[in-house]
Amino acid sequence: MSSIYGKNVKVSLFGESHGDGIGVVIDGLPAGIELDMEQIAKHMQRRAPGNAAWATARKEPDVPQILSGVYQGRTTGTPLAAIIRNTNTRSGDYCQFTETPRPGHADITGSIRYDGFNDPRGGGHFSGRITAPLTFAGAVCLQALAARGIRVHARIYELAGVKDAFVGDAMYPISVADKPFHVVDDVQGDEMQHKIAEAHAHGDSVGGIVECVATGVPAGVGSPFFDTVEGCLAQMMFAIPAVKGVEFGKGFAVAESCGSENNDSPIFVDGTLTRKSNNAGGIDGGITNGMPIVMRCAFKPTPSIYSKQDTVNLTTKENVELEIQGRHDPCIVPRAVPVVESAMAIVLLDLLG
Amino acid sequence: MSSIYGKNVKVSLFGESHGDGIGVVIDGLPAGIELDMEQIAKHMQRRAPGNAAWATARKEPDVPQILSGVYQGRTTGTPLAAIIRNTNTRSGDYCQFTETPRPGHADITGSIRYDGFNDPRGGGHFSGRITAPLTFAGAVCLQALAARGIRVHARIYELAGVKDAFVGDAMYPISVADKPFHVVDDVQGDEMQHKIAEAHAHGDSVGGIVECVATGVPAGVGSPFFDTVEGCLAQMMFAIPAVKGVEFGKGFAVAESCGSENNDSPIFVDGTLTRKSNNAGGIDGGITNGMPIVMRCAFKPTPSIYSKQDTVNLTTKENVELEIQGRHDPCIVPRAVPVVESAMAIVLLDLLG
Amino acid sequence: MSSIYGKNVKVSLFGESHGDGIGVVIDGLPAGIELDMEQIAKHMQRRAPGNAAWATARKEPDVPQILSGVYQGRTTGTPLAAIIRNTNTRSGDYCQFTETPRPGHADITGSIRYDGFNDPRGGGHFSGRITAPLTFAGAVCLQALAARGIRVHARIYELAGVKDAFVGDAMYPISVADKPFHVVDDVQGDEMQHKIAEAHAHGDSVGGIVECVATGVPAGVGSPFFDTVEGCLAQMMFAIPAVKGVEFGKGFAVAESCGSENNDSPIFVDGTLTRKSNNAGGIDGGITNGMPIVMRCAFKPTPSIYSKQDTVNLTTKENVELEIQGRHDPCIVPRAVPVVESAMAIVLLDLLG
Amino acid sequence: MSSIYGKNVKVSLFGESHGDGIGVVIDGLPAGIELDMEQIAKHMQRRAPGNAAWATARKEPDVPQILSGVYQGRTTGTPLAAIIRNTNTRSGDYCQFTETPRPGHADITGSIRYDGFNDPRGGGHFSGRITAPLTFAGAVCLQALAARGIRVHARIYELAGVKDAFVGDAMYPISVADKPFHVVDDVQGDEMQHKIAEAHAHGDSVGGIVECVATGVPAGVGSPFFDTVEGCLAQMMFAIPAVKGVEFGKGFAVAESCGSENNDSPIFVDGTLTRKSNNAGGIDGGITNGMPIVMRCAFKPTPSIYSKQDTVNLTTKENVELEIQGRHDPCIVPRAVPVVESAMAIVLLDLLG
């Protein structure tokens, strides 16, 4: 797959952080979807840098230009291509990293993978910036899903050890998209922002967990063995830089649970089949059961930190110290929220066929 | 993909728990791999039921017969097909579950997915029994990997809240394959087995976590964005019934970590490039960095429990109670250890091309 | 793809001519298709060797055994696996060909492709015998198509320069499946059989063309650019050993045509949209237009001939002569007719999704 | 696949004839290929309209702008995206065709396929204009192949019944790329051009055959059954609008051949293994044998002709007459020559992995 995802709805990402442009081709979209460009811009704005204290100071308009696949405001069904021009790049910031790689980045692995020919400026194709076209593609897919009654909402579930409020199954879907900081409990959100500011003050960074919930997905989507809903979503989520874990429903907590607690008993409520609990996160045997799909992704702390770090000089083969300059988020979790929504939307639309 | 996995090495699973046979076709294997059939049988034996107190009493020889793809003891490079005949089946055990579905199983979702035509006997194609041919395919891949110096070892990391010993990076690879119970610390292993026996006595079941480590994988394997090593492994792991979470390296713990701790600094030791830590689990930017690949999978408690459960009668549309008979593991984690090894082996061989 | 075909309906072939067994896994079949096993056997019988003067004397029952994917006489929707045991093999016939390769066969290329490890007996995985499971898979797909009103009929269009009767568009579908020799005009058929006998008498072989027509395929199937109906069918047809050309509608004759003749004008006849001609073979812009799909495949003469041929000795690196023994069809075209039908059926079912 | 082709080297086409832009993303290119942009421009110029009497008068610069995937003049290994802005479009020319479809075009099938939402202007995504980015992608692949000693050369083999000179196997590779009209025998070329002019004068169009030969491809490329070199090339060739037949080596002529003539005997010449003939077109058992790969594609006459044609009015459901205006090639074969070269180059690079 490489930079192309999907079977029915195929997403082909391209671009390097400091090249001429980045973008995406979406092939296999349903024809006739009316695109609300204002909604798309709003969705993308949530990912954009420069919007808050906790985000990088690098400001980019990130307005995608659609080249094809839309006619008279609706998708044509043929490939939709959109490009975003790179502006406001400062390549000088990154020149040194081919020689003295940044810990926690793909500087070394990318160079090995591409025999030293990959574009090193700003992380090149490995840059988190490439999630902008992914987010755009997801914004389009979200509208196609909405037309079928499917909603996808993510929030910050935990950040630097601070947890957002517990949200019971009955409360889904909760959209926190309109809040500037995507949590249910604003007091906890303030504490999270305080943690980010603190890390920033120390030249450090923090990680967290994003939870994403889809409602309205019909039962019967997904297949055993290799097209399970969990597997397809996970493959996509690990495409988002910094994700190191993905879980569904009760997730890793199942390990300390017993069957009599963990099984979600089916129950008829007013003649409608539902479940007494949703520990499975909406998925049994890899197939949706009609309950909300509940997924969580763990994001590592931003690897770019300002404090001094040990690294190597690949030319001299010496161990050296590195101080990173430039503009970097002390925590990418807040900006990752719409990215996770987009990523889930692409997968669900692809699975729906 | 459905029941076919892979790009270079393709694995095509088939079979239902109580049908005539189950099996696998492996297409794209390297030609000329000498197969040690005894090793393969030994590997499969670790997954086989009926071997211990904690496993189901259903005994099946599970000896795969190779139909093609091997000539004079070596892989031919053309598809390797192997079948396992089903014997010792008791279909009567399962007849009722199309009407009164078992909580935590795919009885409902499978029926919706296949319009009621799927084979319901013993879970049909959703049965954990289909991991037998997957394990066989992995045993073949493990030998192809071993020929390149790559080893894959899994162990029980946690079971019913009991953790195995902490294993530092320096200690990899540790093989516990020859132990009857796959843990490093046998005292902890005894405690785990006690928990299983306890659950069994209460008609209940318990879950756990399997950790799997690959050593010897060269740096530079994997690709951004959608062929990350994490994403490919995760897609495969969720194919194993009961897996609800997958994480790499520090995994979900990154959420409470800060960048200065979590970054793995590169370092030259005696002229060799390595890392000071392995929080990334051997993968940076989706690409292997040469350190051990460290992955953990969370397994839910076996959904089949003997105590009474709430469920529905789909015909009468009433809420009813269900008591499951038959033979079921109170914990599948011990038998899942070789399955996880096999699953990882398939993915790694596929990624190596 | 290698030995696995398809996107929605995936066909995974395995086996070697003289190994333990050959077979196929079909993943993604619609659930609930009632299988008429007698019809399937009849369809396969048309491909089977030993049925006529023009066919190899090697007799094999070729009865596939279904291992999975069928429950109570209907497809389950999960993978359908079927195996055919190899019997009546005479491996000794082929031993020499790794050293002195047969002209026109894959003896050399197969050995290079698989580093000398491929099974050389009877052509191994390259054997025309592997079309038996392909034919079986097609027989299943034909029944799934028939349930939607789609019919696929092939015939011998030309053999050793002798052409079958011209069949105008209005006459489709003509089934010649029940005739022992699959032509419309039996006089021409007799002449063809005479040519085969003549070639056989001279220790030689002859080629021909199979035409295959599908009716009832709805308009709108296929996609630009790389999923054109022509492209998908052609990829599949070249999987049939000996096919060296594929054409649609007027085919290569378009090269000598002019636009005013070749364009198929749309026309309303009694309120129904049809075409005045079908030079396009039912496909415009890669997408079906509702007219019969018309395809022709050119088959080369059987490469195994009894007369003396020049070849090389790969060990001594000398030019030598070769006389092939064993049992070989002097013309495979008659037996290829049901194979082409099967191959088209698989592709159409896959395209229908 | 739809508008995305390939397994290792993936080509994702986008754009509509009269939209904002067209282009291509190429994922999986080898890293480090030095791109000669002048050569690429020259190759694309051969496809460009407006260059000769026989081509449409529509002039477009067709200069692709590379947005990503190239750094310091070399491929980075990450996706290479290139866009071509559409200029000089006259949408008015095509407005009527949604109501009164042009015979021989995808006006009807495209509308059915995309529920009436496809962009109808200039054929939209079905336009031959989308072969411009395909040709660009091929130009890049041709340079990657050239670095491995592989050359791909096409020529007009036949046009309106006029054949180019016979070219024996020994004469390959012959490049006629530098000639304004791509034939070996210029006298025949003049006759072909005369035929085009004649058709043009009558408001008609003519078809032809392009032959394409690749030399330097190592033996052992391709796989049975579904990744045969023939099948992969054919799937791609039918992506080129107007192709209705594809053949290899002796092609359809095998049908009138006998085995003793058609078999290509292996022979050692000065210690090098070659073949006495190349009727197989360089491919045995779907795998390259080291001889030149020889392929021919039949192109139908341009469906857009100026003389009056029968068609329908889809709104009124009446049979009507149509006179097409606008700018159209009376024969697309000359401009198709570099497109076929490009298409073959993409497939070969993909197969080489």
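Per-chain residue numbering starts at 1, and chain names A, B, C and D are given in the order in which the chains are listed.
Heads up, the rule we're going with is that a contact is a pair of C-beta atoms (placed from the backbone, for glycine too) under 8 Å apart; a residue touches a chain by one contact, two chains touch by 3 or more.
If you're wondering where the values come from, they're calculated on a predicted model, not measured in any experiment.
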{"item": "Between the pairs A-B and A-C, the one where more C-beta pairs touch", "value": "A-B"}
{"item": "Per Cα centroids, the chain farthest from chain C", "value": "A"}
{"item": "Where chain A and chain C are represented by their mean Cα positions, the distance between them in whole Å", "value": "46"}
{"item": "Where chain A and chain B are represented by their mean Cα positions, the distance between them in whole Å", "value": "27"}
{"item": "Chain A: positions in contact with at least two other chains", "value": "2-4, 7, 13, 78, 113, 125, 224"}
{"item": "Footprint of chain D on chain B - complex, ascending", "value": "7, 78, 224, 353"}
{"item": "Interfacial residue positions of chain A with respect to chain B in the complex", "value": "1-5, 7, 13, 101, 103-106, 108-110, 112-113, 125-126, 130, 134, 158-161, 199, 204-209, 219-220, 222-228, 230-232, 234-239, 241, 243-260, 262-268, 271, 273, 276, 279-281, 283-289, 298-305, 307, 309-312, 314, 317-319"}
{"item": "Complex contacts: residues of chain C adjacent to chain B", "value": "2-4, 10, 12-16, 19-23, 25, 27-28, 31-32, 65-69, 71, 74-81, 83, 113-119, 121, 124-125"}
